[in-house]
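One chain, chain A, appears in both complexes that follow, with chain B as partner in the first and chain C in the second.
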Partner chain A sequence: MKMKIKAIAVNTFKESARNKMFYLLVFFGIFFALSSKLISFLTLGDAMKVLKDTGLAAINFFCIVIAIFTGINLIYKEIEKKTVFNILSKPVSRDQFIIGKFLGLALTMLTALAAMAVIFFLLVLASGGGFDLKIILYFFMLFLELLVIVAISLFFSSFTTPILSFIFTVSLYLIGHIMWTFNEFKMILRDPFWKYLTQGLYYLLPNLDKFNIKNEVVLNTALNPWTILFSVLYALAYILALLAVTILIFRKRDFQ
Partner chain B sequence: MIPGRLLAAVFLAGLLLAAGMQNRYDSNLDYFADRGTFVSLPSGKALKVLSFGYSNLAADLLFIWSIQFYSTTYLTNRFDFLERVYDTITDITPQYKEPYIIGSLIMVYEARDIPMALRLLDKGSRLNPDEWFFDHDAGYYCYKFLKDFAKAEFYYNRAAAKPDAPPFIKRLNAHMVYLGDDPTMAYQMWLEIFNNARDTLEKDGAFNHLYQIKAENDLALLKERIGIFRRQFRRWPATLNELLSLRLLAALPTDFAGNEYIYNPEQGTITAERVFKWKQR
Partner chain C sequence: MKALEIRDLKKTFRSNFLLKKYHVLKGINLSVEKGEIYGFLGPNGAGKTTTIKCVLGLLFADHGEILIDGQPAASMASRRRIGYLPENPFFYDYLSARELLFFSASLFNLAADEVRDRVAALIHQVGLSGHQDLKLRKFSKGMIQRLGLAQALIHNPDFLILDEPFSGLDPIGRKDLRTLILSLREQGKTIFFSSHILQDMEMMVDRVGIILNGSMRREGKLSELISRSTQYYEIICSHIAEKELAKIQTNFACRDGQYSLTLPSDSDINQVVESIIHNNGRIVAVNPVKMTLEDIFFNEMQPTRPATAGDSR
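And now, the complex of A and B:
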């Protein structure tokens, strides 16, 4: 079973890595991360803060774009090109197919993130910033966020078209970063129905800001280890839930 | 089929026409005349929501823009929304220290609005309770521009209580107390600094201040008593001991270094060995 998942994961990774769009986005991520050096010249005071801010934001943005674009296309393309029939006609279950796809995408994201992170580290070192362990932690948290995004895009990709998947995933990504407003919004609502609905959505939708530790990294403020631990557990739980529902949907899909 | 030369001519003509229009458009437009430049700036909270997790980047960009904008000196109306701009930046990332410092500098030295700068620095101090330099800067502006020594003392006192406050804050605080006409309290504060000094620079500085305050008090007392003597005997005392024998003084005061004050019996004047003009109000 493990070998089958591994084979699908490796194939997914190779397929993603062969995509020219992937290289283009990684290139732009690196390019904008390096451009942060230029932006830092424009500020007064702590230029390193601006360099880290803009560099990390560029890497974050392009990694998210890669995650969404590769995620939304993967399953759809397999169905569209009918390659899914070849795979599923072999002794490979639909569950293994989804898990393999997810792991392959995770590997793709890890590669893209590692490439950008190495360049960014070199830039920080060259700018006299020194080695900062918190940045590694930041990349780890970003990787968790990417895994959640990949799981979301895979989920939508399992039952709808790439365009709709794109709209839904981007919407969830944006909402995921303003989940803190739900609690405030709930306070001003009077009707219990809307109140409970808001509360329900607050718990149901992904809170991606849990993985956003840019403030703590850039401003060098204290990080609570418990918050990190809970964020990791949250990511694992959310990914597992999404993969489970994706598998359930994919099992019921008729490819005729 | 359209000839290639015609296409090239159309291309060049189009380019020239576009450049001409662009020039005409720009010459009729004063980009900075529009007072509504800032109207579209959302509040800090709205911008935090709209930045979708990139609030640091939004704060950076707004801060960098503000530096360029407020350096554009020919814009006469540039200070209209100064407080709003820096409030927005500091609302997005309250821990970002530079905007408080640079913003208050612009408010003080460019806009000449000290209360506005104090409001910004107060916000910085409130949202970053462990940082001392917001209160230090506020204290300096009160001292330098408002000449409000009591307020300066309040800020320096608050700054001195912060965990990593450097020792010079306590010295500034004591000096503000002195300038605020409370020499007894100032003396006590300087004495504490003197007794706990960690280096000779600090000790010497405290010594000079203690010397000044003590001399000021002692000389005022001595001058008063010499005056009483003069009114009674229509002459200056020959020595200061005469004041003691007449019980006009309980004891002869000495300066902080332990030396006697210098008395001139011919003119009835009394001075200390060292008087520091730079410490006079």
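And now, the complex of A and C:
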């Protein structure tokens, strides 16, 4: 079983890694991270703070773009091009297929993030900054966010077209970063129906702001280890739940 | 025990918007004996690929039972026995032929060192030597078809399901594939293949099943289906005046100085042959003209005659 999941994961990674668009996006991520050095020269204030702020933002943006674009196409392309027939006609369960695809995408994201992170670290060191453990923690939290996004895009891609998957995933990404507004709405709303609905959505939709520790890294403020631990558990639970639903949908699919 | 047994298989599809039901398979029954080549014949849209996809678990049947070697087709053990070549196969075009075969082998839990020799042998067997490291995006349709067969054989299955294996192949490729399929039967493998190309089927299959509009119309040994049905007798003769021939038999045609006479039954053959010889003619051949698979197929394709008021009486 493990060997089959590994084979599908490695093949998924090869698919992404042999795609020119992947290299282009990683290149742009690195390019914009490096250009933060230039921005730090042109800006007044703490140059290191500006460098970290803009560099991490660039890496974040391009990693999210890679996660969404590879994730939304993955399953749909397999079905559209009928390559899925060759896999599922063999002794491979649909569960193994989805898990393999997710792990392959996770490996792709880890590679892209590692390439950008190494360059960024070198840039920080070259700019006179020391080794900052918080930056590693930032990349770890970003990786968790990317895994949640990959799971979301995989979920949509298992039953709808890439365009709709793109719209849904981007919408959830944007909503996921303003989840605090749901709490505020809950306070304002008086009708119990809307109140409970807002509360339900708050727990149902992904709260991606839990993975955002950029302010703490840039401003070098303290991080609460319990908050970090909770975020890790939250990411794991959310990913497992999404994968379970994706598998349930995929188990019932007819491949015409 | 049968290699494949399908009992009362039914499948409906729904249109996307109106949710109208389309009955694609209306109770398919068929069986494939071990070690035979079974031809699954039908026009486009008859339900051949749908039946195959139900066997492979790519589609869920609404009703019926599918057994492979007595085991439910959906089980992993059954799928381990099958090698499958899809219709118009498409493989990951960023892989090379060798990489694809190793990937396919890993889905059967076969270790890389175990399959190394097998991959090399299969690449040679399907005629792709020298192309094993070429990316599949540079492969022609015929090469993809050959590779498809190689990946179907990677785990040395007992039972091969080939969906339209001859489509996209040139005459040389078709001949090679026919030879390969026949050699696989010699090795004791069971082969089930669908096609709408009658010539290929007639040259290879032991038994044939004809499917039309989601229903099995005929099933049986090809030799029995054909031998049962001599359509007419043909006498070919020469060196006889056309005027004399017309006195013997009015139904004849002339081609390249030879005459071809058509007799509906064998009862008049001796008399006609004697008359030709008596008139100084030469007999070139006497042939019973049997039904071909094509004739059987087109007969089945004929819509049934609608009942009239006279019929009902």
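Convention: the second predicted complex is superposed on the first by the 256 of 256 C-alpha atoms of A that agree within 3 Å, B and C clash if a C-alpha of one lies under 4 Å from a C-alpha of the other, contacts with A are read in each partner's own complex, and residues count from 1 in each chain.
The rule is short, and it goes like this: a contact is a pair of C-beta atoms (placed from the backbone, for glycine too) under 8 Å apart; a residue touches a chain by one contact, two chains touch by 3 or more.
Given the structure is predicted, the values throughout are model-derived calculations rather than measurements.
After superposition on chain A, the partners chain B and chain C are seen to fit next to each other with no clash. Of the two partner chains, chain C is the only one that A:F85 touches; chain B does not reach it.
In the superposed pair of complexes, A:K214 makes contact with chain B only, with no contact to chain C. In the overlay built on the shared chain, the residue A:I178 is in contact with chain B alone; chain C does not reach it.
Look at A:D132: by the touch rule set out above, it reaches neither chain B nor chain C. Superposition on chain A leaves chain B and chain C with their closest Cα atoms 35 Å from each other.
Comparing the two interfaces of chain A, the one with chain B and the one with chain C have no residue in common.
Within the complex formed with chain B, the residues of chain A that make contact are 39, 42-46, 49-50, 53-54, 57, 60-61, 173-174, 177-178, 181, 208-209, 212, 214-215, 218-219, 221. Residues 49, 52-57, 60, 63-64, 67-68, 93, 95-98, 101-102 of chain B are the ones that touch chain A when the two sit in their complex. Within the complex formed with chain A, the chain C residues making contact are 13, 53, 56-60, 76-77, 79-80, 82, 84, 86, 88-92, 94-95, 103-104, 106-109, 151.
Remark: chain A residues 3-4, 6-8, 11, 14-15, 18-19, 81-83, 85-93, 252, 254-256 touch chain C in the complex.
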